[in-house]
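Scrolling down, you'll hit the structures one after another.
In the two complexes that follow, chain A is the common piece, with chain B as its partner first and chain C second.
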Partner chain A sequence: MPREELISPDGLRTDGRRPLEVRKITCRMGILPRADGSCHLEMGNTIVLATVYGPRELSLRPSSSGIIRCEYSMATFASTDRRRRGKKSDRNSVEIASSIKKTFESVLLTDLFPNSRVDIFIQVLQADGGERSAAINAVSIAMVNAGIPMKDLIVSCSAGYMENTTVMDLNNIETIVREPQLTIAIYAHSEKVAMAHLESKASFEIFENLMAVAKNGCMQVFDVLHSSIEKYSLRLVASRDSISTMGSRA
Partner chain B sequence: MFAVSKAERSYLLETVETGTRLDGRSLYEYRPISLQVGVLPSASGSSRLRLGETEVLVGVKVEVGETAESSTENVHIYFTVECSGSASADFLGREAENWSSELQKALESAYSAASVFDDERLKLVPGKFCWVFKVDILVLDTGGNMLDAIGMATRTALSTTLIPRVNIQQSEGTFELEIDDNPSACDNLKVEGAPIFLTFSLIGSHFVLDPSVQEETCSRGRLSVAVDANGDICYVCSFGLLDAVELARLLTIMKKTGKVLLDRLDECVRNGNSS
Partner chain C sequence: MDKQKTQDASVFVRSFEQQEATLAPSVAKSSQFVAPGDDILSQENVVRGHGTMVQGTRLTSTVAGLVERVNKLVAVLPIRARYSAEVGDVVVGRIRDVVSRRWKVDVNSRQDAVLLLSAVNLPGGVQRRRTYEDELKMREFYDQDDLISAEVQELKQDGLIMLHTRSLKYGKLENGIFISVTAQLVKRSKKHFHHLPCGIDIILGNNGYVWIYIDETTAYAEDEEERTFPEKKKSAKSNIDQTLSAIRIRNSIYILDLYFLSIQPETIMLIYEQTIQKEIPVQHMLRPDIMNDIYRRVMNTKEM
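Take a look at the complex of A and B:
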């Protein structure tokens, strides 16, 4: 495979970003009216739809704390080559689903809803690298939308090391080279690491560097997500006011 | 499983008796439809359609494939329907697969009956090469009447599909296909013949068009018909009791509504995105 140039002499990446720049993030909350929480998140060309149902009744055995279930699937048309890998049983999907489940088990206050379960569904509509972190961010927002109590907001970002440069938030072209890549999810306020996933080997220095860059990326992501949650909530507050005035008139 | 309480059910039945429905529609009225085309840059054609609370996303991929010697068709079309787990609690495990195969089957038989792709321009090398259209349908949310939403979304996705031009060179009995990779050298697919589905639910003694999920739960029977622009019927599927007189009446309603819907869809595609 001919090696493409991933970073131009000017220090710009294939999609025109600087190394320490995340892609454009657009986030819409509450777009599926029938779900308890939903989020449509775009990170550059990666588009993810996360849906959360619950807490709802658990029909199986009783449990002292809530149970989380997670399903991750990729649409058949998500990437440019049409692969039948959208199936929920596919190994990659199962791995991502279970890692997301574990990440959120640590942050949700599951003790507050015993004998119940929370269902997370993630659908990747378009894949252009960073599906794992996009999925985590989308689920996080969907949890907020569903109003499920959490210790903190989880944000996620990836970082990679290539051509002697550490870059954050990798796109698809940067993902397919076999260079060290790290995806982390952190608690936005305490900055504790909730999940870390490294692919291919990296020396200790590079790893530390990747960690710092990924954390920095997470904070950039957090700023965007936080402001969109705020905007959404303010709109809700405004609509509540108009409803209450309607009620008092009646 | 979507549940309706006894009180809700009787209220629903009574309202239908009076000629209106829970959401204020009349018996033969569709819910508002909103449509977006060209939503997936990685597909040759795509659309996203929302019918009331039902939302589907369709992507079409176009490839050149080999075909059997005996086949005379220009186009092989394959449908896959995937019901996202988020759409409904019904879609857990095997139930989702049952839905998928049912919807897939309906689309396949309607499209093969309608012979949509009788277009000279789509001819490659008969008996050797043909076009392969892969239509991937993703159900994002279900608020009842998935089949109609899927039918309309598929037709619009196909109508926005771009087919690249192909040069065919013949040398010593072997064919070489050269696909023009200039993105502007593409033809739009003609889908005048593509059918759409219309579904009735039998509630009490009345038929309602485009049932919502509550109405589907309370229905005693169902009639789904695919019609094309000429008003020809390409596919019928019904459950429950129907008498012949009733059927004829419903089919005339379908023909009329189908025509209106098809015209509106075509107009939407011409104007780009619209609702």
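Take a look at the complex of A and C:
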């Protein structure tokens, strides 16, 4: 494959970002009124829709703590790639689903809802790299929207090493390159790592570098997500209180 | 009334986004807003309540909501969540399953509530021991998919909800409209059975399930013979105007839920009266453009 240059002499990337810059994040919570929690998250051109149902009745044998199920699928129109995908049985989807499930098993306070289950459904509507971290961020917000208790907010970001530079939040073109790429999910406050996924081998120095850059990216993502949660929630509170005070006056 | 249909399919997104413009920024009141993992500002030796946890030396929140302080108790109330029951709550539920000596009832909670055979009033009102025959006849009392109103009698250690219908006001719900809303919008109050000024009755379940019906005992002067066959007589007599206003009430509640407005008899009537005033036909009430219009008008009258 003829290599395009991924980082211009000016130090800008293919989409015009600097190496340590995340893509524009837009997040809309609660867009599906029938679900307990939902989130439509855009990270640049990657768009993910996460839906959370529960905690709800578990019809299986009793369990002392809650059970989490996760389904990940990619829409057939999500990428330019004409490969048949999007089926649940797709190996890649199953892998991502199980890693997201494990991530959230560690962060949700499942002891608080015994004999119940939480269902997570993730749909990738547009794939432009970083679907794994976009999905984790979206699910995290959807969990907040559903009011499911958790230890901390989970945020995720990717980082990659190319052309002697470490860059964060890779897009599709940067993902195709066979270079070390790391996706991590961390607890936003304690900065503990909840999930880490490394593609191809990396030397120890590069790995440490990637880790630091990815963490930095996570914190940038966190700022955006936290402020959009706050904005959304305060709007709901204001809305609820605005009319109820009036009701009592009437 | 404008004829143009809204092209935008993402109705729900729009309704929330437009809310921003109409609401005053005097939002945060005095309580602190926290997201999961955020520190809760507090003094030492507080009692931690729901929605909080201790991580090392920090007291953190586990849900997104406002911090609620009562003396030393610090709790965070989630803004949206599934229904969490308290003893004495009035709920509306749907029978999910009939199992040995008990019904499983869906009450929009973390798990199905349980209604024991011994916690219902038997038809005829006789107080006696439940026999094996009663157990066989359970489906005649409440069958799968039946709607009931009930009260929370007890909460078990693991959060299991026990219901009872041992009062004449509780029991099977028939001939009415069901609508499900966000549970947090229904406040706990002394009364959950309301008779609205427009002649419609509603049960505002604490769990966010609402039942809208026309109480025949108040609506018509019925003689004894009629009351024994309420179903048949009602359909014959059922007044079209009343049915329409029941549907209007249902749609009003739907609008309140969509815009996340508190659901109480007063607020329902506010929307209801606004649509009557503007002569909006029932079938057009839920069009996105009209809902927005109603919402704006109601918010404007509030500022006056």
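In this section, the second predicted complex is superposed on the first by the 247 of 250 C-alpha atoms of A that agree within 3 Å, B and C clash if a C-alpha of one lies under 4 Å from a C-alpha of the other, contacts with A are read in each partner's own complex, and residues count from 1 in each chain.
The rule is simple: contacts are C-beta pairs under 8 Å (C-beta built on N, C-alpha and C of every residue); 3 or more make two chains touch, one makes a residue touch a chain.
Everything numeric in this text was worked out from a predicted model, so none of it was measured.
Of the two partner chains placed by superposition, A:K102 touches none, neither chain B nor chain C. In the superposed pair of complexes, A:T80 makes contact with chain B only, with no contact to chain C.
In the superposition on chain A, A:K192 makes contact with neither chain B nor chain C. Once chain A of one complex is fitted onto chain A of the other, the partner contacts of A:K24 are absent, as it touches neither chain B nor chain C.
Once the two complexes are overlaid on the shared chain, A:E71 sits against chain B while remaining clear of chain C.
Within the superposed three-chain model, A:L32 lies in touch with chain B and with chain C [touch as defined at top]. Across the two superposed structures, the residue set of chain A contacted by chain B and also by chain C is 32-33.
Note for the complex: chain A touches chain B at residues 32-35, 38, 45, 49, 51, 53, 71, 73, 75-80, 82, 86, 88, 119, 121, 123, 125-126.
Those residues of chain C that touch chain A in the complex are listed here as 10, 12-13, 16, 19-20, 23-24, 26-29, 33, 35-39, 51, 53, 55, 60, 62-66, 78-82, 96, 106, 110-112, 158-160, 184-185, 187, 256-262, 264, 266-267, 270, 298-299, 302. Against chain A, the residues of chain B that register as touching in their complex are 40-43, 46, 53, 55, 57, 59, 61, 80, 82, 84-86, 89, 134, 136, 138, 140-141, 143. By the touch criterion given at the top, residues 28, 30-33, 36-37, 40, 54-58, 109, 113-116, 143-153, 187-190, 226, 229-230, 232-244, 246-248, 250 of chain A touch chain C in their complex.
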